[in-house]
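Read through the structures below before going on.
You will see subunit A twice below: alongside subunit B first, and alongside subunit C after that.
Take a look at the complex of A and B:
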C-alpha cells in the first residue's frame, strides 16, 4: 500500500516533467515541421546551468533557474535563425542540423563540467512533507510540480486566449494559408522555438536537484519526449500533456515493480503500436499533407 | 559500369592490397573497419533510395553481429556459414518489421524505426541470457579456412575486401537494374508509381530487407575481428555517424557515401594524430562539419566535385 501510494505521487511529479519535455518538441514540430533532436540537450543545458550557478557559485536557486531558461531559449533562437530557417523547405536537413547541435552541446557540457562522476545539486528545499501515515513527499518535488503545472497553465492560456497564440496555432495547422493571412511565419517560428526551448530549460533547471547531471542525460529525455509526443498525437499539445501523465504513471509503476529497462522497452513498443493503429495519436488531429 | 570506372575500382583495391602491409598495425585495423563501414553506408543508401530515412540500420548490423557471434560460439557453426546466416537473420527480422514500419512514412517512419531499433537494443541489454547484457558476448571464434586462420589483420583484410567487393557489385547491380529504377520512382513520384501498378509497400520493404541483409554481413565481419559484441557498438550515436558519412559524402550517387566515409575517416584520424584537439572535443567538430555541409554543400562532397568539374569545363570553353 505504501509503495503503491508513493508510486502514484511519484508518477504525477514525473508526469509534470515529461509534459514539459514534450510540449517543446510538439510546438517546434507543429509550427516548423522540424524534429529537434537536440531538445534533450536543451534540458541538459538547463540542468548544467543550475549546477554551475547554484551548486558551484552559490547563486540562489530561484535566480539560477530563470538564467537556465534564458540560456536554453537563446540557444533555441539561434538554432531557428541560422539552421532551421535556411532549411525550411527540407525538414530532413533541419533534423540533421539539430543532430550536429546535439554533439556540440554535449561537448560544451563536457568541457564546462569536466570528467568524473555525475554532477549533483543539493536540493534547496530540503523539508519532507509527511502526509498521513505512509506518504512522504520531498518539498523539492512538490515545488517542481507546482512550477511545471503553472508553466503549462501559462502556455495553455497563451495559446488559447492571446492573439499571438492563435496565430501560432494557425501556422501549425496550415503554414501557407497563415502566411496569406498576413501572419509573419519567421516571427511565429521564433516564438515557437523560444517557448519550446524555454520549457526545456525550465525542466532541466527544476530537475537539476533531483537527478544525476551528465552530458548524456538528454538521450533519455528525447526518447521519452518522442514516446509521449507520438502517443499523444503529433499535432496536439493537450494530447501530449495527457500522454505525459499516462506514460509517467506506466513508467513509474513498471520501474517500481519490475525494472527500468523493461519499462522503456514496453514504452517504445506501445509507441510503435500507436503508430500502427492510430498514427495521429490518442488526441491527435488530422494534418493536411 | 564503364571501363573507366572499372579501372578506378581495380586501382583502389590494388592500392589497398599492396599498400596496407606497410602501414602501422593500428592503421591496418583501421583499414579493416573502413572497408566494413563502406559496406554499411552503401547498403544504407539502398534503403534511402525510396526516400525513407531509417534509423534502424545500425541495429540491423547488430542483429547480424549477434546472430553470427552466437551461431559460431554456442552452436559451433564455422564463420563461412554463420556470416550468410547473419545476413539472413537481419533480413528476416527487418522483413517482420516491415509490416508495422511501412504503414508510416516520413517523420513517423523515422521515429518508428528509431523506436523499434532502440527496443531491440534494450533487449540485448536486458536479456543477459543469451545476449550477455551490457558486456555482451566475448571470445567470438576467429574465422578459419583449412590451415589458414584469419587472426592477423592482413589476412582478415583480404577476406573482408573479397566479401565487401562482392557485396558492392551486387548492390550496384541492384541499383542499376529495373528494381533500382523502381525504387527511385517510389521515392520521387510515389502516387504516379502506384498508378502504373507498382506496389510501393513491396518495394520499400524490399529495399529495407536487402539493405539489412548486407549490413548484417557487415556486422558479422566486424565482430569476428574484434572478438566481442556489445549493445553499445550499435547505439543511436553510431547511427548518427552513418548519417553524417552518407550526407557529407552526398547520397545522390553510388560513390557519394563511399567518399564521405573515406574522407571523414581520414579527417578524423588526421585530427587524432595531429594532437591539436582533445579527443573529447571531436564530436563537436563532427557536429560542426555536419552543419556546415548541410548549409553550404547540400549535395555533399560528391556534389562539390561535380560543381568544380562543370566550372572547369565552363572556363575552358
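Take a look at the complex of A and C:
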C-alpha cells in the first residue's frame, strides 16, 4: 500500500511536468504548423538560467524562475520572427531551423556552464511533508506541482475565456479563415510561441532543483513531449494534458514495479499502438482535407 | 644524473611553489617536447570522465616542465598534453586518434569503452600505445592496450568487503546502475560478486537507461525490498539517487563507486544523511595520501592547484590520467626512449609497476586474457563530518585471488565477455 500510494503521488508530480512540456509543443504546432524540435532546449535554457542565477549568483529562486520564463519566451519570439515566419509556407524549413536552434542552444549552454559534471541546484524548499503513516512528499516537488497546475489552469482560462485565446484557437483550427475574419496571424503566432516557450522555461526552472542539468537534457524532454502529444492527439491541448498524466502514471508504475527501461520501451509501444488504432490520438479530431 | 621516478616525484613536488608563482614553461621554449595525447570526451554526458583528466595532466606537465623537464635517453623533454574531444562518439574517436598520432603523440590516453574499441585495430597495426581506464577493454588480441592506473570496477569489491567487516549485521542489498555494458553492467557484476563473497544477499539489481528524469520510482521500487544496503554502481546519477534516498528516509547503509562533487549532494540532502556513505575515490588532500606507499607526486599540492584553477570540476578521473602520465615518464626513462613500443615494453617489463595507491602488479589474464592491467591496493573512503576520508587501503589482488570464480560467474550471468 505504501509503495502504491507513493507511486500515485510520483505519477501526479511527473504528470505536471510532462503536461508543461507538451502543451507548449502542441500550442506552437497547432497555431504555426511547426514541429519545434528545439522545445526541449527551451526547457534546458530554463533550468540553466535558474542554475546560473540562483545556484551560482544567489538570486532568489522565486525571482530566477520568472527570469527563466522571460528568457525562454524571448528566444521563442526571436525564433518566430526570424526563422518560422519567413518560412511559414514551408513547414519542413521551420522544422530544420528548429533543429539548428537546438544545436545553437546546446553550445550556448556549454559556453555558459562549461563542460564538466552535470549542474545541480539545491532545492530552496527542503522540508519533507509526511502525510499519514506512509506518504513522504518533498515540499520542492509539491511546490513544482502546484505551480505547474496553476500555469495549466491560467492557460486554460486564457484560451477559453479571453478574446486572444479564442483567436488563438481559431487560428489553430483554420489559419486562412481566421485571417479573413481580421485576425492578425503574425500577432497570434507570436503569442502562441511566446506562451509555449514560456511554459517550457517554467518547466525547466521548476525542474532545476530536481534533476541533473546538462546541455543535452532537452533530448529526453522532446521525446516524452512527442509521445504525450501523439497519444493525446496532435493539436489537442486537453488531450496533451490528459495524455501527460496517463503516460506519467504508466511510466511511474512500470518503473517502480518492474524496470525503467521496460517502461520506456512500453511507452513507445503505446504510442505506436495509438497511431495504428486511433491515429488522431485519444482526444484529437479528424480534420477533412 | 638520470632522473629516477623518485627524483621525478621529489622534483615535481618541489616545483609546485615555483609553478604557483607563475614560472612559465615558455621560458624553456626551444627544448624538445614530447606530446601525450588524450582522446577523451570533453563534452556530452561523459565529459566529467574526460575533461578533469586533461586539466590534471596540464597541472602535472606544468610542474614537470617548470622543474626543467624530464631526461629520457640523454635528451631533456618538455611534456605537452594534447587533448581531443570525441564527445564519446566512436567516429570522432577515430578522427581524434588519427589527429593525435598525426601530431606525433607518443601515447594515447582514453577513457575506455566503445571509443577505445573503435581505434584498437589501428593502434595494433600502427604499433601505438593506448591506455584505458577500463580493464574490460583488454582482450587477448590487444597487447598495445594497457590499463596502468584505474582498475575499474574491480576495486569496488574492497568497499563491500570493508562494509561487511565493520557492519556484520548487514544481510541484504539492492543495486542500481546504468544499463550500458561498458560501465554499468561491469560494475554491477563486481558488486554482485562482492556482496555474494561477503555473504550479503542481493535482492534486486535495477538497470536503468540514460533517459531517467525522475529517480523516485526507481529508488522506491528498490526500497520496497527493505534492503540493508543500497548500492549505486555507477557515477552519473549519484546525486539524484542519494536525494531520492533522502526523500524516502532510507535508514540503511549506502555504498557507491564514486561520490563526485559530494558538496552538492550534501546541499540537496544533509551532512548527517551522507555520513558514512562508502565509496572508492578520495579527495587528494586526504591525510592518508601522505603515507610512504603513495606513488603520486604531492597529492595535496595537486589537489590545491586543481581546486584553485578548476573549481567545481574535480571528478574521479582528475588524478587518473595524470597518474598514467607519470607512469609513462617512469617507463620512458627506463626505456631511454619515447618510442611507443619501447615505452610499453619498459612499462610491462616492470614487475612492480608504479601505482597511485601503493604496491601493485600486472594482472588480467584470468578475466581479460592478458596481464595488461595494473591492480593493487585501493582506498575505501567514507563520508565523515561532511568530508571524504580514507578509512583503509585494501588489496584488490587479494580479493580477486579469493573470489575470481564468483566474479567470472557474475560477469557471465550478465553476458559480459571473459576468457
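What we mean here is this: the second predicted complex is superposed on the first by the 287 of 289 C-alpha atoms of A that agree within 3 Å, B and C clash if a C-alpha of one lies under 4 Å from a C-alpha of the other, contacts with A are read in each partner's own complex, and residues count from 1 in each chain.
By definition in this document, a residue touches a chain if its C-beta (ideal position, glycine included) is under 8 Å from a C-beta of that chain, and two chains touch if they have at least 3 such contacts.
Because the structure is predicted, anything quoted here is derived from the model rather than measured.
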Applying the touch criterion given at the start, work out whether A:261 contacts subunit B, subunit C, both or neither, answering first, second, both or neither.
both
Once the shared chain is lined up, is A:214 touching subunit B (first), subunit C (second), both, or neither of them?
second
Looking at A:96, would you say it contacts subunit B, subunit C, both, or neither? Reply first, second, both or neither.
first
If we overlay the two complexes on their shared chain A, which of subunit B and subunit C does A:51 touch? Say first, second, both or neither.
neither
Figure out whether A:123 sits in contact with subunit B (first) or subunit C (second), or with both, or with neither.
second
Going by the contact rule set out at the top, does A:61 touch subunit B (first), subunit C (second), both, or neither?
neither
For A:223, using the defined touch cut-off, is the partner it touches subunit B, subunit C, both, or neither? Pick first, second, both or neither.
both
In the overlay, answer first, second, both or neither for which of subunit B and subunit C A:110 touches.
both
In the superposed arrangement, which partner chain does A:247 touch: subunit B (first), subunit C (second), both, or neither?
neither
Where on subunit A do subunit B and subunit C both make contact?
110, 115, 219, 223, 259, 261, 264
Tell me, which parts of subunit C touch subunit A in their complex?
42-45, 47-48, 51-52, 179, 206-209, 211-214, 216-218, 220-221, 224, 236-237, 239-240, 247-249, 260-261, 264, 267-268, 312-313, 315
Over in the complex, which subunit B residues touch subunit A? Could you list them?
53, 100, 103-104, 106-108, 110-112, 114-116, 118-119, 122-123, 125-126, 236, 240, 243, 247, 280-281, 283-284, 286-291, 294-295, 298
In the complex with subunit B, residue positions of subunit A that touch it
29, 35, 83, 86-87, 90-93, 95-97, 99-104, 106-108, 110-111, 115, 219, 223, 226-227, 230, 234, 259, 261-262, 264-265, 268-269, 271-273, 275-276, 279
Note: in the complex, subunit A contacts subunit C through residues 2-3, 6-7, 10, 13-14, 17, 110, 114-118, 120, 122-123, 128, 136, 138, 207, 209-212, 214-216, 219-221, 223-224, 251-253, 255-257, 259-261, 264
